[in-house]
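Here chain A shows up in two complexes: once beside chain B, once beside chain C.
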Partner chain A sequence: MSAQPHQTPAESNVFTQLLEELGDHHGFYVGPYKLLDLPIILWDNGRLHLYPSPTAMEQAGLYRMVEGHPVRVADGKPPALDLSITNLVVYQWLGMLLVGIALWRAVRRYRAHPLRPPRGLQNAIEALVVFIRDEVVFANVGHQRLGVRLLPYFLTLFFFILVLNLLGLVPGGHTATGSLAVTGALATIAFFVINGGAIATIGLKNWLRHLLGGGPLWLSPILVPIEIIGMFAKAFALCVRLFANMTAGHIALLSLVGLIFFFGTVLIAPVSVAFSVFVYLLETLVAFLQAYIFTILTAVFLGLASEETH
Partner chain B sequence: MELGLAWLAAGIGVGISVLGAGTGIGRLGAAALEAASRQPETAAETRTLMLIAAALIEGIALIACIVCILLAVKTA
Partner chain C sequence: MPNFLELSPGLMFWTLLNFLLFVAVLARFAWRPLLNALEQREHHIAEALRQAEQARQDAERLLQEAQNRLQEAQQEMQRLIREGKQQAEAFLREATEKAEQLKRQKLEEAQRELQRQVERAYSQLYAEVVDLVLEGTARLLHQTLDSTTHRRLVESFLAEVARQN
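Now for the complex of A and B:
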């Protein structure tokens, strides 16, 4: 939720501008304030280009910034691969740091006083960990040993998504999970966990038998393509669900605040603020709910894929 | 003209997909509530199943909304 000034093309409408604001930037922003220039890393024409900031990149003369993205000066096309450290990457690092510190503190106290009851933040973390372990992972991943081995993955997934969602709700923060690149990466990992876990548990032969969908052999020309599409559709839906849920709330908030400027009067402000507070609280619920949904759906899909018999 | 048609399509499309998702989640909620009040001891399990099914319905609706967004942000 930021509102830094951006040079946008004349033909773009307000909605595309909103999406642009919620997207990635080559600078570390808190609200409209740019705190840091972030390095630009480009892979183009078979070699790596490293620049400490967008200004240094423009001075070097090979690339320039157009609408917030680097393009070649020569032909105006984007480089082959943009691996820059961007705003959302920094927010993900921040999320990792927060999760790491919070869990490390809890673990240290358990190590120091194993027999004392948990307190404070440790209490909240224990409640969440036990909930994820018993209600989400063990309840849905039928295979006990697979569940125990993949428990660290599910806990990391839940806390990482939760903290990124909540970082986006801190005033001035950006939602890294509101970017298709981030949720796509999470869904790709989930895809490999689901299918890798299934193959490791029931063997390649049984996994291939799942592709028949339990139908007779003569139905396989219809069922096998459907099952293969279904395999990818599950991961794709995970990706889109998280992205759309996190983005939709922000767009609703920005639209409600935008009503004041749209009507050009202060009188509409109380209505806008009241609805914004409601949407903000709803978003807090959605932040927890989507972290939970992503984790439980991965667990359910893993459980379905690693069933012995169909 | 064409841009106007794209925005019209986006509006109609998002309306229809929300109608479908709303009907689906409404029926799901009614059925889950009924199940939970008939057998309160299984309410926790019912809630989990309801959330999963709601998320699946929502996923379809969101993909429909993404298609509508692509129509709405169409330029030229």
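Now for the complex of A and C:
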């Protein structure tokens, strides 16, 4: 739908149209408006296909866009791997840029006056950093050295998720963390951090012993599968929790706005606006909360996994 | 399936790449200096607090010492004053006694001297009176005169004596 933002939403498909806003797109969008074409990168038939834009791709004749996705002209099937730079990738870069600038400014001041009290932006960053360091990582990762070594990961994780959540709340912004692929990638890394950190700390043997769940050996046929499922379930839960929280708020907002079209009257607007403001504020809280929860749960899981055998 | 529920491998790939790069870059250029600075400042503050505590204790100790010294000095001063008073009193008493004694001595000497002078004067006077009487008598003996003449003679003698004295 994003290609035609000016089309009057018909009552029948307004929700579908609004929901499609939440997805990923080929192109950089602010709100429903496309600002930039983004390059298409396809891996297909054993070689890489690079196009500066979807238009250029269609002109080249091998692929065409169908419902926002490139497909082969020849048989109408999607390519083996679509590695295109999409809207949410650009939003990640935007977020990284913002965090980078903020941290750069803070670090510059730390370098200039390492012993002065922090102020302004530096103070806000320092409060978050100290909180993540002491309350999230060191409090939950029992192994001190492991905590120190993984501190950069946890700090980056928190700020990455936070800035992406907040970018989604900026009017016109798209929420990268409201996509399963993004949260899935973060959860995958968390999975490797949790188990890799545990193996590095307590050794492979002790890590495998964790799979017994502390039960007797004859229970292992039941416990080992459960523990293995649990291992993946933790990462899966991280992935879905963040995705669902970020998406749910947006859907609630869209639904409230959609009510106006659903009832076809402007009289419902005050109710929609009042509830939207409430949900929007709630989402702001959730943006911080979910960044915190993802980080602290990863730390807690890492702490549990890297414990010496009970 | 709605667009937003898709699990796009491309987006996943880019997210992995972005995030891992972000971790690497931030770890090197942001977190390390930031955490180091934090630690440095925490050390600095802890050190400053420790020093402040040390300084406070030192100051307290010095104050205590100063107060002790002051008290000692006051006690010393009072002792000195007391002693000085006693000494002064003793000195005064001694001096008074000495002066008294000296006075008595001088007085006695003076009285004795006076006595001597008086005695000498008496003896001189006596000798002179004797001489005068002798001289007068001698003159009386040398001239046998009437009573009028005696009278005149004695009167002239007395006048002479008066003139001489």
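Keep this in mind: the second predicted complex is superposed on the first by the 291 of 310 C-alpha atoms of A that agree within 3 Å, B and C clash if a C-alpha of one lies under 4 Å from a C-alpha of the other, contacts with A are read in each partner's own complex, and residues count from 1 in each chain.
What we mean here is this: a residue touches a chain if its C-beta (ideal position, glycine included) is under 8 Å from a C-beta of that chain, and two chains touch if they have at least 3 such contacts.
None of the values given here were measured: they were computed from a predicted structure.
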Broader residue contact with chain A after superposition on the shared chain, chain B or chain C: C
Which of chain B and chain C A:Ile268 touches, first, second, both or neither: neither
Contacts of A:Glu135 with chain B and chain C, given as first, second, both or neither: first
Touched partner set for A:Ile293, first chain B, second chain C, both or neither: first
Which superposed partner A:Ala252 touches (first chain B, second chain C, both, neither): neither
First (chain B), second (chain C), both or neither touched by A:Val240: first
Touched partner set for A:Leu19, first chain B, second chain C, both or neither: both
Partner chain(s) touched by A:Ala181 [first = chain B, second = chain C, both, neither]: second
Partner chain in contact with A:Ser84 - chain B first, chain C second, else both or neither: second
Chain B and chain C contact sites that coincide on chain A, given as residue numbers: 16, 19
Contact set on chain B toward chain A in their complex: 48, 51-52, 55-56, 58-60, 62-63, 65-66, 69, 72-73, 75-76
Footprint of chain C on chain A - complex, ascending: 16, 19-20, 22-24, 41, 68, 81-86, 88-89, 92-93, 96, 99-100, 103-104, 106-107, 110-111, 114-115, 125-126, 129-130, 133, 151-153, 155-157, 159-160, 176, 178-182, 184-186, 188-189, 247
Residue ranges of chain C in contact with chain A within the complex: 2-16, 18-20, 22-23, 25-27, 29-35, 37-38, 40-41, 44
Chain A - residues contacting chain B, complex: 11-13, 15-16, 19, 135, 139, 237, 240-241, 244-245, 248, 289, 292-293, 296-297, 300
